[in-house]
Amino acid sequence: MIQLHELQFIIPLITICVASVLVLIVEVFSRNREVVFAVTTLSVFVALIITIRDISYSTIILNNFININNVSSGFNIVVLLSVLLSLLESRSYLIKKQINFGEYYAIILFSLIGMMLMVMANDLLIVFLGLEMMSICFYILAGFMRKRIKSNESALKYFLLGAFMTGFLLYGITLIYGVSGTTNLMVLFSNTLLHQEPLFLIGVGLFLIGFLFKIGAFPFHMWVPDVYDGAPTIVSGFMSTAGKIAAVATIFPIILKLNILDYRIIISVVSVLTMMFGNIIALAQTNIKRLLAYSSIASAGYLLVGLAAFNDMALRGILFYTLAYSFMQLGAFIVVGIIEKSSSDNKDFSNISLDSYKGLAKRNPVLATIFTLFLFSLAGIPPFAGFWGKYYLFVAAIKANLIWLSIVAILLSVIGIYYYLKVIVYMWFTDPETDETYIMSPLGTTAIILSIAGTIFFGLFPEIFFELIRFY
Amino acid sequence: MLEINYYLILSALLFSIGVLGVLVRRNAIIIFMSIELMLNAINISLVSFSSYLGEISGQIFVFMVLTVAAAEAAVGLAIIISLYRNKSTVNIDEINILKW
Amino acid sequence: MEWKLELILFVLLSVMAVFSAIMMVTRRSPINSAIFLIINFFASAGIYLLLQAQFIAVIQVLVYMGAIMVLVIFVIMLLNLQDESKLSEQFSYKKLTSLLLSVLLFCLLGFSVFFGFSGKFTSISGEAEKLGTAESLGKELVLAYSVPFEIAGLLLLAAVVGAVVLAKKSFD
């Protein structure tokens, strides 16, 4: 039975649930988008503060469905943070694109509920429901520019492939259930006899495939550039950070606690191929959104290095890399959104080719500097946060006796620096072709300042995050 | 009594036919129906495990799969309709960025 | 005697399910595909009855066939879709590869589940009959599984809101 006092552990989740319904009610009765926006942002902010306050909770509640500990709360903090940052920039972008509907905020909140549930899940049923809730909201968000063909196409592609891969994930869960007779994760972890069963391994493998798709790993990456290219820019930023982080945060503890060494080599190979694919194809891109999409595939590869290592150091690395990633990737997407929305013609996705970044430093040095810092961090140049994320992940791989993997990862991330530098050269060392001026909304500026502050602060003091979430 | 293997084989066969449909067909609605076929095949496995184990969570799982299938149907068909409004086609070969 | 009856019913229903599934995948017109899919779901409902999951069988007919497939058919009619060109006319290596891939998938899955579970579960559990009723499922759903039940409600709400946003013709 569920006790009433158990609800105090999930106040952040309840806040978001209440806010999502409230947003719908406000939208129906007043259509006042300012109120809708305020309610959404405030609820995410409150949930973030409460999660940080309650970081020391460690318990299994609600009929063994929800598991709260400092790791799941830490991942929740990162997810909430990236949702908050993308929300801040959303409003002006949506107004410019004439899609500022209240439903957008409701759907963002629904997807957030899915992500938080997934991260805190202690049962495969909750993992499945949370994942589907997140994915269905993403299909909707990708197609949110209803009048733009590209947006429709990207939603359709994401939907068909996503639903297809859900089938494999479910087949995996079915096999796990058939072998073990339960879907409770704690029972599955503790029953080590089960881990020898070939069918159990196949089941976990299929389950893993479903998650590799959501993370965007090779060979299930082909949707990433197309979907991120077609979706509204701010949504691409949101999907590539929050969605990916939630998926990694769900699958990593499962792999860590199952502790099946057979997966190590498979995940390592997948990880190498993902990094290789992301970094090498990105070299040829001339569209900034696609370039960031391939860079996010490469980032998925780095996260998979941690997944392959599955030790405590890898947990540390994944926690930190997701935090750094949410700041730098989202920051980069926000800058891309600002440049895109200030294009003089409001056609289908103008201003997203690399050419529109020519001479940015001469037209708007502040924006160019900020973008350069995000790209440096993504490339893994010290002292930015991205460097420490990669550092922890590669050290974890060495500790797991995967020295070859960390060497390959380092080499590939060196290749990665080249295409980030290409953008930087475009910005600083070419002459401008246009004389567009960039409008920065106050909220968007706040989001950028927060991301840049996070990128630099956690780059200088990486240990502070672990102290915040009491993870030593 | 039949062994569980027969039900599982049936489920695997239907699942593979669904996968074939997704890979071969070009009409978005038929691809969507093939995905429904896959989910249905999984439900057969889940129910048979549940019955043979004498454990109810498999059937609860089927419930949730049905709910998700309904939600996916609503969203997927809405996506197909909004694409059709702009492009007058649901054939994925005629869709530019769908180069898979 | 009872064993034979179960076997006969199983063979009948599974032949029906597999046949309609193959027909569904190969028909040119979407509406024919939809009808065959409904037949497939009907056969699956029969399989659920054989497995003594009465309530799931009823839900299968009501929700899958009654709601989801009606929606699909409604959309097909609304869009007035043309038939695809004949599958055999546009033979390509891509299709052959797809066919080989799915056969391979069936071999892998079929092989592993057939031999993996052989001898483990020889007969339906004695409790299955009681488990599959509306009473026991309903009790479980609102007591032990109330959390997933609530989440499913939110999921449906999100899907409805999303479907309205995407398919609505114009906003104010």
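Order as written gives the chain letters A, B and C; numbering starts at 1 within each chain.
The criterion applied here is as follows: contacts are C-beta pairs under 8 Å (C-beta built on N, C-alpha and C of every residue); 3 or more make two chains touch, one makes a residue touch a chain.
Since this is a predicted model, take the numbers as computed values, not measurements.
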Subject >> Chain located farthest away, centre of subunit B as origin (C-alpha) >> reply: A
Original post:
With respect to inter-chain C-beta contacts, which pair, B-C or A-C, contains the greater number?
Top reply: B-C
Original post:
How far is the middle of subunit A from the middle of subunit B, if each middle is the mean of its Cα atoms, in Å?
Top reply: 26
Subject >> Distance from subunit C to subunit B - Cα centre to Cα centre, in angstrom >> reply: 7
Subject >> Approximate Å spacing (C-alpha centroids) for the pair subunit A, subunit C >> reply: 32
**OP:** Please list all residues of subunit A that touch 2 or more other chains.
**Re:** 125, 129, 132, 136, 139-140, 143, 146, 155, 171, 178
Subject >> For subunit B, residues that touch 2 or more chains besides their own >> reply: 8, 15, 18-19, 32, 45, 53, 55, 57, 60, 64, 68, 71-72, 75, 79-80, 82
Original post:
What parts of subunit C, by residue number, touch at least two of the other chains?
Top reply: 109, 113, 117, 145, 148, 152, 155, 158-159, 162, 164-166
Subject >> For the subunit C and subunit A complex, residues of the former touching the latter >> reply: 109, 112-113, 116-117, 143-148, 151-152, 154-155, 157-159, 161-162, 164-166, 171-172
Original post:
What residues on subunit B touch subunit A, complex-wise?
Top reply: 8, 15, 18-19, 22, 28, 31-32, 35, 38-39, 42, 45-46, 49, 53, 55, 57-58, 60-61, 64-65, 68, 71-72, 75-76, 79-80, 82-83, 86-87, 92, 95-100
Original post:
Mind pulling up the subunit A residues that touch subunit B in the complex?
Top reply: 125, 128-129, 132, 136, 139-140, 143, 146-150, 152-157, 159-161, 163-164, 166-167, 170-171, 173-174, 177-178, 181-183, 222-223, 226, 229-230
Subject >> For the subunit B and subunit C complex, residues of the former touching the latter >> reply: 1-21, 23-27, 29-30, 32-34, 36-37, 40, 43-45, 47-48, 50-57, 59-60, 62-64, 66-75, 77-82, 84, 90-91
Subject >> Residues of subunit C defined as touching subunit B within the complex >> reply: 3, 6-7, 10, 14, 17-18, 21-22, 24-25, 30, 33-34, 37, 40-41, 44, 47-48, 51-53, 55-56, 59-60, 63-64, 67-68, 71-72, 75-76, 78-79, 81, 84, 87, 95, 98-99, 101-103, 105-106, 109-110, 113-114, 117-128, 131-132, 136-137, 140-141, 145, 148, 152, 155-156, 158-160, 162-167
